[in-house]
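Paired with subunit B in one complex and with subunit C in the other, subunit A is shared by the two complexes that follow.
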Partner chain A sequence: MEPALLINTLMILTLLVILTPILLPLLSKTMKTTPTLITHTTKTAFIISLAPMSLFMWTNTESITSYWELKFIMTFKIPLSFKFDQYSMMFFPIALLVTWSILQFATWYMHLEPHITKFFSYLSMFLIAMLTLTAANNMFLLFIGWEGVGIMSFMLIGWWYGRADANTAALQAVLYNRIGDIGLILTMAWLALTSNTWEMQTCPTHMQTLPLLGLILAATGKSAQFGLHPWLPAAMEGPTPVSALLHSSTMVVAGIFLLIRTHYMLETNQLALTLCLCLGALSTLFAATCALTQNDIKKIIAFSTSSQLGLMMVTIGLNLPQLAFLHISTHAFFKAMLFLCSGSIIHNLNGEQDIRKMGNLQKMLPTTTSCFTIGNLALMGTPFLAGFYSKDVIIENLNTSYLNTWALLLTLLATAFTATYSMRMTLMVQTGQTRTNPAIMMDENNPSITQPLTRLTLGSIMAGLLITSYITPTSISPMTMPTLTKTAAMTTTMMGLILALELSTLTHNFYHPKQTPYMNFSSSLGYFNPLTHRLNITKLLNNSQKIATHLVDLSWYKKMGPEGLTDFQLKLTKTSTILHTGLIKTYLTSFALSTLIILSTQ
Partner chain B sequence: MMATAGLRRALWQRVAARLWAAPPGARAASGMSKDMLPGPYPRTPEERAAAAKKYNMRVEDYQPYPDDGFGYGDYPMLPNKSHHERDPWYQWDQQDLRHNWGEPMHWDFDMYIRNRVDTSPTPVPWHIMRKHFLIFLGTMLVMFAVGEIYPSYRPVGPKQYPFNDLYLERGGDPNKDPPVVIHYEL
Partner chain C sequence: MRGCGDAGTRAHIHASIPPAALSPRAALPSPMNLARLMAAAAGARGRACAWPPGRSREPPRAAEAGAMAAYLTHQQKVLRLYKKSLRHLESWCIYRDKYRYFACLLRERFDKNKDVKDMVKATELLRAGEEEFWATQHPQPYIFPDSPGGTSYERYECYKVPEWCLDFWHPSEKAMYPDYFAKREQWKKLQRESWDKEIKQLEEETPADGPKTEALPPARKEGHLPPLWWHYVTRPREMPM
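What follows is the complex of A and B.
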């Protein structure tokens, strides 16, 4: 049978299958959604999406399909055109597997939640928006998916809306994403004006720098690069399944995915590529520095995500979009797993998220902590686990390319820091003496916990090997380099590990810990949050208050309204009164005289 | 009969009193009389005292906005402190807003709620924060510029051409001896 037809049908079927739990209850009176139904639907969709992926792997068939157009008026329409290429066909099964595992985990994690069905519906809607974004062939459909994931992120971060901190975090996420959206809309407007199209195929390859800057701004906002990054650590206010799905595997990679989709436009502009490289390097180092001194387990993993997103941006800057996508795929597995493990730990410790109050969990939660270890090893780039196939290749390409030296150094330093904070987290959570509350019931024997974790562990181990074995790279990685360059990634990781082990022995020495400027800088997240938020928001809100209330009200009352009219009238009257000299007799005499003169000359 | 009716009324009053959302003494905003609304700038001490009583404040604490034509009237000028700085453990009447019933609200109160501006003191002083952040950012930008000027690349050499630097292909005289070009050292 025609592979392109099969691919089209099966991919659309996947999307429709995920839509059913949301649409069918609206159409039927008796059908009700349940969390297990949504979980099983996602599992079904995953299995269906494996077929197009296998078809692509074996036949290398890609397809671009234009379905339906939702025509509102003659010139405004929403074209449903999908691009089922390497990126979307690989991303669908990965995203669906990760989502299935997270949904199964959430049936345990959120089981005491009264509105659990609404929670699952929100996650489901997010998944639909994300898959739309991934499969979109034109910028408008991508924008619909983009905004969709942004809104669902807002609703899910602020899930516990009674908590003011969660509301602030959700608002932060939406505002920072909006700033990024300015860039995306700028690019879309530019494309519409110059090339009259939003389709990916017909977009020009040689673009001016301004629309490319718009795309980079959009990626900075969505993927939390330095400058628009504070929302990602703040997003940890949401429930752990939300953090696992949105803010580690799927939503935050949307920005990088946009740059991958539009890399034809980027690769001819060296300035844009250098900007991506430097921005990514700065983001990865900054996030890794901040992660070193955090004590909340979810915040450490959030900064780890931010750092890996910076690494993906660096890969885009090296003009290697396929490698960036490989890193997205492998990162999804182990990062989601790290979040699920942390969720299991938090729930079993009855809400404790501080790693200083965890210890010796290796004995008490063996499955969770083993998966945690494997996830951390994959993150660090341990040879032949999933992270190795993407991360090591990125570092090799960095070392053998013509690029900014400082970007290279920062990325290598960030690789070392990755090992340091991962090791620190492992040591404090799993080893050492027990620092938890002794009266806690720990139970991880629930299949809703162990099955997702095991599935994602298998993915973390096998995914890198499987994807690199079956997907042909479009560009050849450098094959020959000196031994030092080849082992650079591993060497820096080992140095970071040794640093972490060395620092952990500091607790054995009895000395009073000092507060140094570097420690302050790192633990206050670079002072970025108070400096930008307080200054900008105070100024903005103050000025908007003054303009909206005082300026507008006063101008309407005083200048444009009644008092303004009064002043105007008074001024007119006062000037015209001077002209009235009141010399009536003189006027009459002049009238009479002029009339007499006219009459006498007749 | 009268006793049970009186008892029931007392019980209902207790229930009504327990409804914290509408404590006894609560009034709807539509039922305000003219003297409860904000008025013009108080000029005499008696007007100041009356305004302070109206806003439920002590006369010593009451400080109106300066009379510079911006239309604040007699509304009190409260300190610009956000609700982050209020005690989270004290049992406020409205715990999420950290506000007691009848407490005078800031003119810009919607700016100072917990979802907006935070004016609480930072662990590190502001000028040190600004200095360290700008040093970090400045160093990064300068080093990126240096990295652009001195990029990193694999060792490269100039391209070597065979046949004595393509002597014949470049239009050299075939009758003459070409200058010998050797690209190696022994």
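What follows is the complex of A and C.
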């Protein structure tokens, strides 16, 4: 059979299979959705999506299909056109495997929740939006998926809406994403105006800087680059499966994915590439610095995600979209696994999220902590685990390119810090004395925990090797470089590890720790939140109040209307009043006299 | 502060209401016996609990043990500083042996000035201690998950539905739990009957310029129920089902 036809059919079948748990209960009277049903559906979808991926690997077939148009009026329609190319066909199985593992884990994690089916439906709707975004061939469908993942993120972060912090975090996520959406809409509007198309193929390759800046703004908002990043650590208010799915593997990479899809527009504009590079370098270092002093396990992993997203942005800035996609794929595995391990630890410790109250978990939760270790090693770029294949190549390319030294230094420093905070987390969580409450029952013998973790561990180990072996690279990575450059990533990682070990020995020493300026900077997340939130919002609200009251009410309605007219009239009257003398009897007499004279001459 | 208030009110309520009546889903005792139990409890305690009297011309009595006054005593301030500094020390010194070492040193510093009788000097020492605490506090102190500011705080508030929603159930739904709703009608009748008496008691006992404390008084007479008991008896459970 024709591979293109098979690919189209199977990919659309995957999308339809995921839609079934949401649509079928609406159409049937007896069918009810259950969490296990949704988990099995996602598993089925994953297995189906393996076929197009294998077809692509062996035959290199890509396809673009336009299925249907949802016509509203003559000129406004939503074209369902999908692009099944390397990126979407590779992303589908990875996203579906990660989602399946997370859903299976969530059947254990959320089993005490009264509305667990609603939770699973929300995750399922998120998955549909994400896959739509990934497979979209035109900007409008991508925008639908973009907004869909934003809204589902809002609803899932605020899942426990009785908690004030969760509501604040959800609002923060929505608002920051909205600022990014301004950029995306700007680009879409510009494309519609100048090239009259939203299809990816027909978009112009040489674009002006403004729409490219719009795209970069969109990626900054969605992928939590520096400037629009505070929502990502705040999003940890949501349940751990939400953090694992949305805020580590799938949603936050949507911004980077957009830049990968539109990379042929970016590659001709050097300004845009440099902006991506510098923004990514700043984001990765800033997030890694903040992660060094955090004590909440989920926040550390959140900042780690933010740092890796910065690294992906750096790769985009180096004009290597395929490498960025490789990093997205490998990162999805080990980051989701880290979150699931942390979820297992948190639940087993009865809600304890602070690493200062965890220790010696290696003896008590062996499977979880082994997977945790493998995930951390993969994150650090340990040779031949998944992270190595993407991270090492990125650093090599960074070192051998002609670029900004500052960006290079920042990225290398962030790589070292990655090793530091990962090691710190591992040491404090897994080793040492037991600092947990000794009277709790820990049990990880549930297959709902161990199966997803082992699956993702396997992915963390093998994914890098498999993807690089079977996918033909579109650009040649540098083959020759000095030994120091080649081992730069590993050297910086080792230095970070040694730093972490030194710091942990210092913690054991008997001296009283104190606040220092650097520690305070890192602890308070660079003072970014209080500075920007209050300043910007008060300025904005003051200005809008001035516009509403002074400009609109006073100026336009009053001064330009009645009051202005009154002032004008009054001024005229006052000037003319002093010109005359006020002798009315004389005026009346002269008036009567002149009337008589006129009448007598008629 | 919140905990102290709750402990005070809980002490009142626990003395006046049998524990079986506290959880709404527990086996509901007969409302008729409840009044008798109340009276017995009130009678046994006599006038030992002296809630601040209002309009009666008795001399002011000392507040009950556990009730909060409007200001903190010096002892309370010192103890709060000690507990705060221990908690922040625990956030700094993660390993238990190191924490124990510094905690002993801290305790020794507090104990050195234990017997200072001069209040001026004691207040100055306290002030110096507070300033030192402010300078050396931990930027991310350890907060227990269920405490205010913790990660699980108020997490299940969205599932805590008030009890009046039970009145809005459809009759077909109510028919699924006939015993419960029958008992509930009896409880509601009891509440309607005792409401006026509760309000009368509160009006009598509140001082003219407003209540001095959040603590509620117990029932004073035979056959009366403590004021605002419905609010506590029908409070939602801590963790959702």
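In this text, the second predicted complex is superposed on the first by the 537 of 602 C-alpha atoms of A that agree within 3 Å, B and C clash if a C-alpha of one lies under 4 Å from a C-alpha of the other, contacts with A are read in each partner's own complex, and residues count from 1 in each chain.
One rule holds in what follows: a contact is a pair of C-beta atoms (placed from the backbone, for glycine too) under 8 Å apart; a residue touches a chain by one contact, two chains touch by 3 or more.
Remember, it's a predicted structure, so these values are computed and weren't measured experimentally.
Colleague: Check subunit A with both subunit B and subunit C modelled on it and let me know: fit or clash.
Modeller: Aligned through their shared chain, the two binders clash on subunit A.
Colleague: Touch check for A:162: first (subunit B), second (subunit C), both, or neither?
Modeller: Both partners, subunit B and subunit C.
Colleague: Between subunit B (first) and subunit C (second), which, if any, makes contact with A:67: first, second, both or neither?
Modeller: In the superposition, A:67 contacts neither subunit B nor subunit C.
Colleague: Go through the superposed model and pick first if A:401 touches only subunit B, second if only subunit C, both, or neither.
Modeller: First partner only.
Colleague: Could you tell me if A:550 is touching subunit B, subunit C, both of them or neither one (first, second, both, neither)?
Modeller: In the superposition, A:550 contacts subunit B only.
Colleague: Name the contact category of A:112: first (subunit B only), second (subunit C only), both, or neither.
Modeller: A:112 contacts subunit C only, not subunit B.
Colleague: Considering only touches as defined above, state whether A:296 meets subunit B (first), subunit C (second), both or neither.
Modeller: second
Colleague: Determine, under the contact definition given at the top, whether A:524 touches first (subunit B), second (subunit C), both, or neither.
Modeller: Both partners, subunit B and subunit C.
Colleague: Does any part of subunit A touch subunit B in one structure and subunit C in the other, and if so which residues?
Modeller: Residues 162, 164, 520, 524, which sit in both footprints.
Colleague: Which residues of subunit B touch subunit A once you look at their complex with the stated criterion?
Modeller: Spelled out, the residues of subunit B in touch with subunit A are 70-71, 96, 108, 111, 114-119, 122-124, 128-130, 132-133, 136, 140, 143-144, 146-148, 150-154.
Colleague: Which residues, counting only subunit A, touch subunit B once they are in their complex?
Modeller: 162, 164-165, 167-168, 171, 274, 278, 282, 400-409, 481, 517, 520-521, 524, 526-528, 530-531, 533-534, 537-538, 541-542, 545, 550, 553-554
Colleague: Please output the residues of subunit C touching subunit A within their complex, sorted ascending.
Modeller: Interface residues on subunit C, with respect to subunit A: 91-96, 98, 101-102, 136-140, 142, 145-146, 151-160, 239-241.
Colleague: In the complex formed with subunit C, which residues of subunit A make contact?
Modeller: 112-114, 160-164, 293-296, 350-354, 356-357, 428, 432-433, 435, 507-508, 510, 512-515, 519-520, 523-524
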